[in-house]
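As written, the chain order gives the labels A, B and C, with residue 1 at the start of each chain.
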Amino acid sequence: MSVSAAEPAHEPMAPEPWRIRQVRREVADGEVFTWTMEPLSGEAAVARPGQFNMLYLFGVGEVAISISALADDGTPVHTIRAVGSVTRAMQDLGPGDVVGLRGPFGSAWPVAAAEGRDLVLAAGGIGLAPLRPVVHAVLARREAFGRVLVCYGARSPRDLIFRDELEQWRANPDLDLRVTVDRGTADWKGDVGVVTQLIDRGGFDGRNAIAMVCGPEVMMRFSALSLHRRGIAPERIHVSMERSMRCALGFCGHCQIGPHFVCRDGPVFPYPAMEPAFRVNEL
Amino acid sequence: MRVIAPQAMDTLIRLLSEDGYEVVGPTRREGAIVYDRVHGLDDLPAGWGDDHAPGRYRLWQRDDQALFGYVVGPHSWKKYLFPPRETLVRVHRRDDGGFETENGEPSPPRRAFIGVRPCELAAIDVQDRVFLGQAVRDRAYGARREGVFLVAVNCAEPGGTCFCASMDTGPRAKSGFDMALTEVIEGGMHVLVAEAGTEAGEALLQRLEPREADDAERRAAERVWREAPQRMGRAMPTNARDVIARSLEHPRWEETARRCLSCANCTLVCPTCFCAQMEEVPDLEGRVSERVRTWDSCFNGEHSYMVGGTHRTTVAARYRQWLSHKLSTWHDQFGTSGCVGCGRCITWCPVGIDITEEVAGLAGGGDS
Amino acid sequence: MNELMEMLKDRPFFEGLSEAHMKLLAACAALRSFEPDVCLFREHEPAEAFYLVRSGTVALESRLPGRGARTFATLGEGDMLGWSWLIPPYRWHYDARAITPVHTVHFDAAVLRDRMDHDPELGYALLKRFTGLIVERLQAARLQSLDIYGDADVGLGG
């Protein structure tokens, strides 16, 4: 028996060509870099903070990269860390080069649900990238939110990304930016310690706050504990998960966490949905 | 109730070929019943049966000329609808640095499947839900699936590793076919009871000039349908979904992992497993690069690889992923079990791990 | 002293202490400020105090031969500093240095220690609070030692 297949004209795994407009090195050795891009044809679908795109490099492959900002016209900005074969090859590209893009995919941070509440953003390492669009969205309608804390931890001062913007945030009375590093350097005047300690310092009304956490899984686990201890109910803590995403469409099966496809149901999940994965080893 | 003679299968295959179908069906090769192109009655495995046990599969010669006297072989129809390796996209690089894309297999052949078991119809339905039932449809699967003509064959003699009755997927097909056959052999009687499931199936059946079954044939057919469910080699515990959901840290995973070779046979023979890897295959000149999809398995270490490390490092974690996905979380994802009770994973497991026994063990406590 | 009481009573660390114990703490307390780069205490000196940081940043450091001072933690507004006065040999194990101008409440721990020995209720109340503090710092130190931002944990960036 056949199925009535209103077959899409388009192959969902086919990347669209996009041109790199600008490359910004985020850390001294260029291992983390940010691309501003534009589609070569047509208009891009509008993305929401927390979503990701599949970026493709001809002859090399494809990789899931979260959206680290949305330009005024809605085009996504990506911040990439060169750690795998695809991202390392991407490190050599510059303005004018063409790459492929599919997306946007996945769930978004519940920014609207944070309105009228205090908002705690906890970022670890490059986990600040997917949270940056939230800060932008909040600053655009600052009056809609209560106190806004940005807690950001990195391994060392040289690993901090978005430095210029961090300075702006620090000077902005509308934000409470707290930055800490695991290992200080002689010239580092800021905090030394882990990001959970920034949460432990409080400064928000836990009963009325919402939290968004992105970073290494261990960091998210401990941050969730600290946020919970500070009175934020688990269902108001949101985490962004990382698993191997090869298709981003729920077809390839690689990104499953229990019943969830990270690409389709995530990457942003309410903490209770991820609690079993945090508790059960290698789920 | 209408019947056709076994020889009418020759006409059926020829008519479908004339109608433009690539006809695929069971045939005997290298000691197994496999699915391949069939051109006439002679290609069907007349007189062959198969013996199924954990880690064991053997053909044997029947004392009749049953066309469908076997159960299922190592192949499933998945290899046609979701092939082990396929080019999804061909990317052509342009001189200006940009690129254009082209679909890998724009117009696949229309295929007719002959001899689809009820559990296999269920498996096709399961994969339809995966590839066509989500927000985005899988173009390549849809293009192949669209024109398929399905000739089902109900099971008269379930095998030693079969448990479709407990999964409610067989041994008699309820829907999802164009035509369904039941092979009835008793004494000197040998006929195929034929039912149409669609207009296309009815039209084809008319062209085979069926006749009404006589009383003896009718009684024999009803006996087949009545008795086949009682002859299952195995049964899946009814509450598999919940048993697994609450057994994620059960010691049995570790125990089974000591036997499991992590060879991925179970996922390859499974008619519903759909995990796939994407490969980038550029040509030597750097002009064209293909995005190739190949079957993957959750038993492979690379399956859960993220930059810097593999998430599921242990065989126990991989076996748990497979079993819990198949029988438990599949319900959450696609509204059905991922298991259709075909028994292939038991038969083709080199160490004979039995999925029904595993679930019973998880249900029964830690020391089982 | 009333001013000090006011300063202490809203701090979570002192929450739940009895009026009498609060009065005692206030009696042992004094305001102290430190210019940048000045040490609040140094490794191996007798530990006879603990601090509530009212403002500014304090770095906890260890000096490594040939490599200078290495900061392993910083403390800021609202943080409690110092527990070596609780455990013999009552010596500081690290340096505490002001990074910015630092304003603190300084507590005379030698007096308190003596009182805690004779008033188990006070002893338990304070030990319980310091244990919580120690556990929190220990957990943070463990997390720090895991080096979680290594290549194996990169998030959606790779």
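Observations on the model:
Here is the rule we go by: a contact is a pair of C-beta atoms (placed from the backbone, for glycine too) under 8 Å apart; a residue touches a chain by one contact, two chains touch by 3 or more.
As the structure is a computational prediction, the values presented were derived from the model and not from experiment.
Closest to the protein's overall CA centre, chain by chain, comes A. When the interfaces A-C and A-B are ranked by C-beta pairs in contact, the top one is A-B. Averaged C-alpha coordinates put the centre of chain B at 66 Å from the centre of chain C.
The distance from the centre of chain A to the centre of chain C, with each centre set as the mean of the Cα atoms, comes to 35 Å.
Centre to centre, using the average C-alpha position, chain A and chain B are separated by 39 Å. Within chain C, the positions touching two or more other chains are listed as 150-151, 153-154, 158. The residues of chain A that reach two or more other chains are 83-84, 87, 242, listed in rising order. Taken residue by residue, chain B touches two or more other chains at 306-308, whereas all remaining positions touch fewer. In the complex of the two chains, the chain A residues touching chain C come out as 32, 52, 63-66, 79-84, 87, 124-127, 129-130, 154-155, 159, 180, 182, 184, 186, 188-194, 196-197, 200-202, 214-219, 222, 240, 242, 267.
Considering their complex, residues 12, 57, 59, 68, 70-74, 76-79, 99-100, 136, 139-140, 143-144, 146-151, 153-158 of chain C touch chain A. By the touch rule above, chain B contacts chain A in their complex via residues 88-89, 91, 93, 97-101, 103-104, 128, 130-132, 134-140, 142-143, 145-150, 176-178, 197-198, 200-201, 248-249, 274-278, 280, 282, 286, 289, 291, 293, 296, 298, 303-308, 311-314, 317, 320-321, 324-325, 328-329, 332-333.
Across the interface of their complex, chain B is touched by residues 1-5, 7-8, 10-15, 17, 40, 58-62, 83-84, 87, 96-98, 100, 242-244, 246-247, 249-254, 256, 258-259, 261, 264, 276, 280-283 of chain A.
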